[in-house]
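Two complexes, one shared chain (subunit A), two partners (subunit B, subunit C).
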Partner chain A sequence: MAKTLSPATSPTAELAAARPQRVRVKRGIPWGRIAAWAAMGLLLFVSLFPFFWMIRTALSTNADLVTGSQSYVPDNPTLLNIKQALGLASTEELTKAGTLTSADVNFFTALRNSVIVCTLITIGQLAFCSMAAYAFARLKFPGRDKLFFAFLTAMMIPPIFTLIPNFVLIKNLGWLNTFPGIVAPFFLMTPFAVFFLRQFFLGISKEVEEAAVLDGASRWKIFRQLILPMSAAPLATLGVLTYITSWHEYMWPLVTGDSEHVRVLTVALNAFKSSTPTTAPPWAPLMAATLLASIPLIVLFLAMAKRMVDAIGFSGIK
Partner chain B sequence: MKRLLATLVPLALIVAACGGGGGAATTTGGKVLLRYQLWDTNQKPVYQKCADKFQQSNPNIQIQIENKNWGDYWSGLARGFIAETAPDVFTDHLGKYPQFAQSQVIEPVSTRGVDMNQYLPGLAKLWKSPEGKQYGFPKDWDTVALIVNQDMLTKAGVSKQQLDSATWNPKDGGTFQQIVAKLSVDKNGKRGDQPGFDPGNVAVYGLAFDPNGLTYGQTTWAGFAASLGFKLLDKNPWGTHYSYDDPRFAQTFDWWRTMIRKGYMPSLEQARTLGQTAAFQSGKAALAIDGDWTISTYSQTKGVKVGYAPQPAGPNGSWSMYNGLADAIWVGSKHKPEATKWVNFLGSQACQSIVGSEAVVFPAIKSEIPKAVAKHEKDGIDVSAYTSYIKSGNTVLYPITDKAPQINLIVQPTLEEFLNGNEDAGKVMKKMNEQVNNQLEFAK
Partner chain C sequence: MATTAVGRSVRVRPKAKPRGLRISAETRTAWLFLLPSLIGFLVFYAYPALRGFYLSFTDFDLLRNSGSWVGIDNYKALLQDALFWNALGITVKYVIINIGIQTVLALGIAVLMHRLTQSVVVRSIMLIPWLIPNAVLALLWMWMLDPNLGIVNHWLDSIGIGSQGFFGSESQVIPTIAGINIWKNMGYTALLLFGGLVMIPRSFYEAASLDGASEWRMFRTITLPLLRPVLALVLVVTVIGSFQVFDTIQIATAGIGGGNPGGPGNASRVLYMYIFQQAFEFNALGYASALAVALIMLLVIVAAIQLRMLRAGESDLA
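Let's turn to the complex of A and B:
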């Protein structure tokens, strides 16, 4: 309690001030709690309302977006936009609704591609970054800290700077419009993932490892039998983060993989851009497709959120 | 770790296997597969018919038509040129081809054996570079007219004849401004010409517009300014000096801003969110200014009787921008002879006759135009507003110069800022014009 007071006040004054304050907190209305809940409620609203509005738009007719009542419930609820996003609507229906676009979204192909790309990136990053992070945390070799510093510096380079050199490299490799091309820049490592895991590995007590060394375990064995299982929680967290980030990646898959057989969801949503120079994008089906595209992530997050908590509880760390 | 390795090894194999799979096959069943890209969904069936006819006489070629949205069309092409996945043939735009020609990503076409006089006068020369190379055969043409919500017009007590013969000037907007004012209705039901009209609370705008493409103003200021005798370029195509500093241009744009302030036209922001077509179709605007390629879209508006009127007549009469498209061949095409054949066919009477009878756009070959007019007449649509400019000759060609993309990056934002702000038109335009001409000078 005393810590919260300013150092300028004398010790006696501190005591005098602290006592009645404590009593007041106990008896009064829990304002802090209320404020916290209110703030959380507000944050929830701010982050969930746009999502709600996306659902609302997805279920409205495109014409109602302009002329409708703007109430919380669509005026003429329809599933046509969802059907269009899934490629199940007929040209006639779409012409009538005014949402016919020049390009097809090919939702399921794009979904498959997104899953392939994100899974590859996540597996690659977890495998390679954990090894790199372990090396930076535990192995001793000359120039280790300098090298690590160089890694950290790489975090500060905006990705747009590496876009063109990466593109040229991938093009020269002949990997344009292939999965390896889309996955390559993210597959081996990102500085963030290495940094994230290294910080965690540093926190694991050395005694555990020393005990293993005494039992004759090699570095490799320690890494895979001790460190990795103990790090299940941060690995899961990193995995989910990586998956979400790669799911949202737009620029790189756009420039390297705009062919239908490798086009990922974010790029496929381009099918809902304005189809002629003087028309606006068809917002309703765009929102329907965006909604569908975000469902896998929500499912993943719901499934993994529980596991992450479990993993933290099980490993007994912290 | 064994499990990790067990996942990684096959993964590496998959990655390696995928690497070899690049580049789609270009032949199917021994035929040459020619990829043809366009952006307008409405036109796809028309050109599919052309393709069917073409394939009959060229059984060794198969045309694959690919649709791409305008919003992604040009950036997609640019990516395709670099990644070497661009379509063999694609629909090109006058605003874009000079840069393509300069960067040598499109092939010139050979005019040998093609009757260049069959096209409407003026269209073909737009596709000719300063070096005299032809970069496409005109396949259609377009002009711009007013799209009219006839029901709203009647309600406002204005006859179609009054609108057809409306006059315009940049000072008080002439009878055209009076009509647009009458057509504007605020949320309390007050019309724009009545006292107490609230410009901040408008239910129906008299005139909608498309805020994109302000640089050349094809569907906005071009016709208005031209009716004052304004010419943007010293010569067209391939002008070397812009005249955005001409007082007639400043007056036109000043008038435009006044109309927005008065609540007769939507603000830039509103115009952009709704889109002109949506605003008109949903009854938020009584008039729109748009090109003939949108006739089929507007005519389908539910529950509204749609008409078309020529742009209002300024001191020099009723004017419109006059533009057209052509097809271009990508230099990286592996089937250039076949692509050339297809492009020649697209510009020929055989295909243009189909374009005419389908009447989504107007064909570029003179003899085929009546077919399109007749088709529209059969559907109960009077398109004389669009053809009137061809008869009167009151057309300005789409401006073609070097550095068009760079110039657009200067002009579009400046004009947007002008419409949103309070700056003096004369000053803004003068400064902008200097920047634009600097671009051209440095191009040399």
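Let's turn to the complex of A and C:
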């Protein structure tokens, strides 16, 4: 305390302005920063612990769980739950483990279905929304701004409102419980994807493009050979975002594709839950199933974490 | 009559044709670029939106796959429907808890991400809960909050608070679901706000800290006023999203082994849940559409009030 100079006693005003900052660093224990780091640490712990618990439960035997064991590592580590979730465990094994369910939920099929649905949606959206975004960003035509505004308005409509008529449409087309039915409403466009890419295309310099126009290149050629290669990064970001949101989709695939051969993971998880006995539910295989449903997303995210994190911060401003 | 109509159209056409030709090259290219997503927009957004309004004036039944015009009967019934008012009240309660806590937490996290550490690792970890499908998170939290075997109740027991009912308790079910979704979305919302924070010139903070301003003072006099436009947009988006809570409730409140979601009693039958049940359990698509129209009107009013209160159009960044 005696060593620190308070601004009031310093000889000149200029020095006084610079000093408090330096003095505060010297003072020793920065309680504010410690508290802030503690808060951050707590937040990180809270964000991650449930996933640790998911893994720990998935690797435990169900017998250990029902006795109420809360140990932080599995008492008797096992891979049986993972095998059960993947449909690889035999009935004898499951009866012995006490985790036999009334319906067989095959996660291989569900995983395959999710991959098919999400891949189709992502490819369709990237292709068609980038074309639309290019038209909105670069081409002049009557009604452009009105149409773009209509696209934006569609973003504000709660999905359940259009879900009901869309369901009637898919039903009348006879597409219930088919991949086209599950994919259709998302395949050609979402307003967000058009909006996201248009925002990026607007930022590309026009000069290169104008030179190409003078050389007689068609718009299609410019789009394919100039714009798309220059937009690899935002296309990849949007692709991952689209893949993740399609993987999350629950209500639409629940009403249009609940039969086993097209059932996606989110719907299959609920079916698995519903097929389990109410007394002594098989939490271990259930957690193994949730783990399997999460891993693809985590892997996808880790590959692109930095770009994704930046893109989300960016989209908030616009 | 018929001849004059033909004659008139013939007379008009030559006038319109050259104008169409003059702008056609670029316009035609533009419409070709737009074609796929325009089809998607018309078939899966515009048409169902109009059809949704139409359905709300019919008694369309899913099993009969037909319905006839009933005027405003659905809306009259809606005003008399105790379950609708119950759902509305529960939804509003959920939104207030969810948005109130989530926004404050996200703002705190965003400031920590901005002022304490700009580490990508920290931001990525905070995003992980958002990455995982609601269907997975619902199951994970059912397990963690299980009345007998859940780790959370184990902790509460060991510090003397005692086990809580969570999903099984009428008074706790909505706060529990709000809590799960706060946990899921706080990192994502923080990233959106972080996008606004990095726009604030660093020099403002440097100048303030030279003047000896505390972090809290800088937050109040620099961060909050300058972040207001972004905060307003983020609030509008998150509130609209919050009104659409469904997946977590549909899965977690049905209990293990598959029961009726929306309980205990009607304690978690939010608007989305009620619309979904009217449409796909009671097959009353007409009435469900009327409920969805009511939800849209509610969202429009809420968004308008928010934008006005937060004066979102104005920015303090002169």
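Simple rule for what comes next: the second predicted complex is superposed on the first by the 233 of 318 C-alpha atoms of A that agree within 3 Å, B and C clash if a C-alpha of one lies under 4 Å from a C-alpha of the other, contacts with A are read in each partner's own complex, and residues count from 1 in each chain.
By our rule, a residue touches a chain if its C-beta (ideal position, glycine included) is under 8 Å from a C-beta of that chain, and two chains touch if they have at least 3 such contacts.
None of these values were measured; they are calculated from a predicted model.
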Partner chain in contact with A:V66 - subunit B first, subunit C second, else both or neither: both
Residue contacts with subunit A in the superposition, subunit B compared against subunit C: C
Which of subunit B and subunit C A:S259 touches, first, second, both or neither: first
Partner chain(s) touched by A:R224 [first = subunit B, second = subunit C, both, neither]: first
Contacts of A:L100 with subunit B and subunit C, given as first, second, both or neither: first
Partner chain in contact with A:S274 - subunit B first, subunit C second, else both or neither: both
Partner chain in contact with A:I34 - subunit B first, subunit C second, else both or neither: neither
Which superposed partner A:R144 touches (first subunit B, second subunit C, both, neither): second
Which superposed partner A:L120 touches (first subunit B, second subunit C, both, neither): first
Touching partner for A:L176 - first (subunit B), second (subunit C), both, neither: first
On subunit A, positions contacted by subunit B and by subunit C: 66, 127, 167, 171, 220, 223, 255, 270, 273-278, 281
Residues of subunit A touching subunit C in the complex: 7, 17-18, 20-21, 32-33, 36-37, 39-40, 43-44, 46-48, 50-51, 53-54, 57, 65-66, 68, 70, 127-129, 131-132, 134-136, 139-142, 144, 147, 150-151, 154, 156-162, 164-169, 171-172, 184-185, 187-189, 191, 194, 219-220, 223, 244, 247-248, 250-251, 255, 265-267, 269-270, 273-278, 281, 283, 286-287, 289-290, 293-294, 297-298, 301, 305-306, 308-309, 312-317
Subunit B - residues contacting subunit A, complex: 1, 4, 7-8, 11, 14-16, 18-19, 21-24, 39-41, 44, 67-72, 76, 79-80, 82-85, 210, 212-213, 219, 272-279, 281-284, 290-291, 293-294, 297, 300
Residues of subunit A that touch subunit B when the two form their complex: 62-63, 66-67, 95, 98, 100-104, 120, 123-124, 127, 167, 171, 173-180, 183, 220, 223-224, 228, 254-256, 258-259, 270-281
Interfacial residue positions of subunit C with respect to subunit A in the complex: 23, 26-27, 29-31, 33-34, 36-41, 43-49, 51-52, 55, 60, 62, 65, 108-109, 112, 115-117, 120, 122-129, 131-136, 139-141, 143-144, 146, 148-149, 151, 154, 183, 187-188, 191-196, 198-199, 209-212, 215, 230, 233-234, 240, 243-244, 246-247, 250-251, 254-258, 272, 275-276, 279-280, 285, 288-289, 292-293, 295-296, 299, 303
